[in-house]
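First the structure, which I've put down as structure tokens, then a few questions once you've had a look.
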Amino acid sequence: MFGEIFGAWVAVFLTFAIFSFLYKDNPFYKIAEHIFVGVSAGYWTSMFFWTQIQPNLFGRLWPSTHYSDGIWYGVYDLFGIFSSSIFPEGGIDKGHELHLSYLIPFALGIMMLLSLFKKLNWFARWGIAYTVGMAAGLRAYGFLNSNVILQIKGTIIPLLDPDLPFFSLLGDSHFNNLVILVGTVTGLLYFFFSKEQTGNFGKVTRVGIYFLMISFGASFGFAVMGRISLLIGRFTDLITYNDASYHHATIWVLVIMVAILGYSTFTDKGNSETDVS
Amino acid sequence: MNDRDFIIGAGGVTFSFLIYWFMGHPFFIIERIVMFIAIMTFTGTLLFYIRKARRGEEIFLREIPGLKAVEEAVGRSTEMGKPVLFVPGIMDMDQVETVAGVIVLGHVSKMTARYETTLNVPVSRAIVMKAAQDVCKESYLMEGRPDMFHEDMVHYLTDEQFAYAAGVNGIMVREKPAACMYMGKFYAESLILAETGNSIGAIQIAGTASQAQIPFFVTACDYTLIGEEFFAASAYLSQRPELIGGIKGQDMIKVIIIGMIIGGVVLRFLHDGGMIDFNILEFLTVR
Amino acid sequence: MKFLTDLILKMGTVDRRWIFLVIALVVIIPLFFPLGLPIRATATTQYVYDTIDALPHGSKVLVSCEYGPSTKPEIHPMVLSVMRHLFKNKHKVYVTCLWPDGQFLASDALNLVARDEYGLTYGEDYVLLGFRPGNEAVVKGIVSDLRKLYTIDAKGTKITEIPMMEGVNRFEDFDFLFSASAGYPGTIEWVQYAVDPTNVPMSTGTTSIQVNDVMPYVSAGQIQGILAGMPGAAEYEALIGVPGIGTSGMDAQSIAHLVIVLFIVLGNIGYFIERNRSKKY
Amino acid sequence: MLWKRQIPILIVAVIGSITLFGWFINEPNIKSFVDDDATQWFDILASFAIFLGGFNLLKMQLQKIFRRQRGWQYSIFAIAGFFLAIIAGFFYKGNPDVAWGTHVTADGTLFKWIFTYMFAPLQATMFALLAFFVASASYRAFRIRNFEATLLLVAGIIIMIGRVPLGSFISSWFILYLLVLIGGITVNSVFKNKQYTAIFVIVGIIVVTAAGSSLGWPLDQPGILYLPYLQEWIYKYPNVAGARSIMMGIGMGIFATSIRYILGIEKSYIGE
């Protein structure tokens, strides 16, 4: 319970410290920002180690199912002296078989880490090359299939469908289908670079840009919506932490912080501070 | 690689595939044949135009208004005696957009060298800083003004998104650049940058492919290079044949796609009308 | 008239901290004094509801949580509502996460809905498979062989020892996918690497900002409906009849939108006045 | 040069073609590599890359402290935060009942505490800041400087109002009156004649009022002007058309870039 109440106070402090940036750039904000940078780096590192490297790499190199007294597990036991939490006695039991081919990604990974040294800078390239190659192969297919071929399919509208009304505002209709067809084709033509956008072609591409603008308008509306939602979520949390069971953390932190910031502004009045942000 | 080698290579691949095919194509997932054809056709188109460009054939690219405005903006800064600010996005060099932004920077720095205008490039990644410095140095050398180049024109602020945005804002408010350019990958900070630039009355030109950020740039900047336009911009300015050829190749793929859409509508019409058996929708369904 | 135009122009140069204050107030006040505006489902939300409602009882449903604390206000209420709907219809729920923080939020949601509200048994009615790094590679892994990727669940139990995992070996063994996604990796990767190649139906709930990236898939029938941001969550809450965070946020959301629209209009009036004046002189 | 240049290019070419053509080949060995191992290797490498990022951060912050650069005091907080998370991740679970490995996800551990009370509020608040910036930008920067920008802002406003509950209270007749006024402004700027404008506005108001009272002012009729319907139409049709053309463009761009990587035409990933 103490952990929870203390946590609430920490959370409230950090929240207000970030919000204080709206007033001006100040030490509270800078502290919170730096804590954020540090904590998130450590957080990701631990998270990825325990969900990937330990179970899926070490778990395949030294699975408990193949545990024996040979040299291979001798190496493992040696590691175990340093950290019995990462390398528990008797091999790692994550349900994997022994796969020595995983020494390849292990080696690439170690090379990536060694690239921190200036002289071995290029060591990272092999790992990056693997990542790039793998992503390129996967993405080329995925994007071509879902973003191109299936979108072509989605744009092939039925002209001959007796059940479809000609006009209907909200349901499917011939008119709405045509809007999609015309918008998609003209939009694609707008991104045509090897032809001057003049004359009739220019008129067509103008239609295309109008469709793009409507789409950006919708993106804009949704972006505003999302940002407001996040703010609502933040305030809801702050209201929760203002509960008596958290000793009214929100209001206390707010009052103290405003007092300190106000005081510092008051005393700084004479200095020509040009820290604009 | 000359033409003969290319044709021999391409022909060899096609020939061996045909042999494989007529041997009963073991292990081939036949349901995905459409994708296979698409990949082969599109790759072929791309390669064809890249090679064409490399051979030195003239390839026409239309003018992009935002790009023309770049030179005007630099000119205006010169007249007013104010600096030019260039922001190459907040992501690292592994993003295609950052690379494109740095290539554009190369051309902007050539202009500032020519006009003797101050250039200011705050960056948020160490690797981008190195790359941007190299590019600017090269441009100033090529314009014969190495005396005007100093490494600090490209400077690192911080990796953290909002801290970086705040830093750039500070620069804008203090130095009041007459032209601000945002070319690269942007996230939520796009809005903060464009708003501040707007409030100091600078000419603003943006270029990005981040769809969610384009609206903020379109509304707050004078010119915006949208999505593909931005990639084309780097090809356009760089004049590197493989990039220009690639743009032309992508244009041709677009022609194929539009042809497929319109042809598909016709085929569907014929199918629905009972005139042909071929069902285009089924054909395009890949499992 | 002159007074009015001067006032508008003067407001144009106002310190932006006043604007910040206005926004803070219009969001906070409705949270304390709700108006209770009625919520009406949009077509895409209704589509998600109908799709889930039509699943036969006891279907195996994969729920994938791809969001973190930064987007929790938008996505979390959707996950809660969809889970309530799924458990009410007695489906088996399998939860995976493509984002590491998604796992915490998913386990919070399961604890709240499955354990506390419905009193279901872990491993028989629901299971938290947890997070694996690798983005689209994880999706591909689930499609080809789930058991190779997930040898253990989030609690460290071996998959082979979980009763409800019997007969579940790959993505095609699921009847439905719901992706609660806040970006990359998320809905788009599920569509590209899982749904398009296998034909398993899916619905999605996304952050507002992502809606437009996903809409073409919905329109082309690759996705069965979409819950769009916090309003989408509120609509789903209204459909299943259990109001939650989404519903309570809608008043604040409405007012804040209205105020922002007013800001845009006022700002533009000022812009026009200024432009006309500079033309005159 | 071989090690630094040729081998990386070869790796990309080989791995890229295997993963690309693996989609088409139904041979058990290749399939199991492409579907499982290749992606697993990728995952493992991604995890190492995260480590690299962590070390990089540590290096930079430490440098800042040792060189006493501006604001070095704050770097202490960054390093403290990093080590706090590392300690919770590797050395101190905080809950003896939980096994190593599951402690990063289970309840009641120090790691989870850091997530709930530090990481989550910080990340969420950083994003919530944007609500304020969007408001200020909407007041100061979003100008209808040309037709395109007008289209964008109008579509945005319709979506914003139409999607929230408030939108369903705005009668389509109100929008009609608004349209009459906007029409009046247009007439005024085209003809520059106050009489024409006045006539247009008065006639418009009379027509709308007459139509409204004869129909009994239904809230959602005519449907095309009722914001919830209108926003739904924009969202499902013109918006999808525009978004789809961008999506196809991006899809093609990524396909083309990937192919260039695999064929070794593009080598920017090794800094060329």
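Order as written gives the chain letters A, B, C and D; numbering starts at 1 within each chain.
Going forward, a contact is a pair of C-beta atoms (placed from the backbone, for glycine too) under 8 Å apart; a residue touches a chain by one contact, two chains touch by 3 or more.
Values in this document were obtained by computation on a predicted structure and should not be read as measured data.
Among the remaining chains, those touching chain B and also chain C are A, D. Highest inter-chain contact count (C-beta pairs) belongs to A-D.
A centroid comparison over C-alpha atoms places B as the chain most distant from chain C. Per-chain CA centroids place chain A at a distance of 23 Å from chain B.
Mean C-alpha position of chain B lies 19 Å from that of chain D. For the pair chain A and chain C, the distance between C-alpha centroids works out to 15 Å. Averaged C-alpha coordinates give centres for chain A and chain D that are 10 Å from one another. In chain D, the residues that reach two or more other chains under the touch definition are 20, 23, 38-40, 42-43, 46-47, 50, 57, 101, 105, 115-116, 119-121, 123-124, 126-127, 129-132, 134, 136, 138, 140-143, 148-149, 152-153, 156-157, 160, 163-164, 232, 235-236, 239-240, 243-244, 246-250, 252, 255, 257, 259, 269. Of all residues in chain A, those that touch two or more other chains are 21-22, 33, 36-37, 44, 47-48, 51-52, 55-56, 128, 134, 138-141, 143-148, 150-155, 170, 180-181, 184-185, 188, 191, 212-213, 215-220, 222-225, 228, 230-231, 233-234. Within chain B, the positions touching two or more other chains are listed as 35, 39, 42, 94, 159, 162, 211-212, 215-216, 218-219, 227-228, 254, 257, 286.
If touching chains are joined by edges, the resulting network of the protein chains shown connects every chain directly with every other.
Across the interface of their complex, chain B is touched by residues 20, 23-27, 30, 57, 60, 126-127, 129-130, 133-134, 136-137, 140-143, 145, 148-149, 152-153, 156, 243, 246, 248-250, 252-253, 255-257, 259-260, 263, 265-266, 268-269, 271 of chain D.
Interface residues of chain B, counted against chain D in their complex, comprise 27-29, 32, 35-36, 39, 42-43, 46-47, 50, 93-94, 96, 99, 126, 131, 159, 161-162, 188, 191-192, 194-195, 198-199, 209, 211, 215-216, 218-220, 222, 227-228, 231, 242, 246, 249-250, 253-254, 257. Contact residues on chain A toward chain C in their complex (touch as defined above): 22-23, 44, 47-48, 51-52, 55-56, 59, 94-96, 134, 138-139, 142-143, 145-147, 150-151, 153-155, 170, 180, 215, 218-219, 222-226, 228-236, 239. Across the complex, chain B is touched by residues 196-199, 209-210, 212-213 of chain C. Listed in rising order, the residues of chain D touching chain C in the complex are 31, 35-36, 38-40, 42-43, 46-47, 50, 99, 101-102, 105-107, 112, 115-116, 119-121, 123-124, 126-127, 131-132, 134-136, 138-144, 153, 157, 160-161, 163-169, 228, 232, 235-236, 239-240, 243-244, 247.
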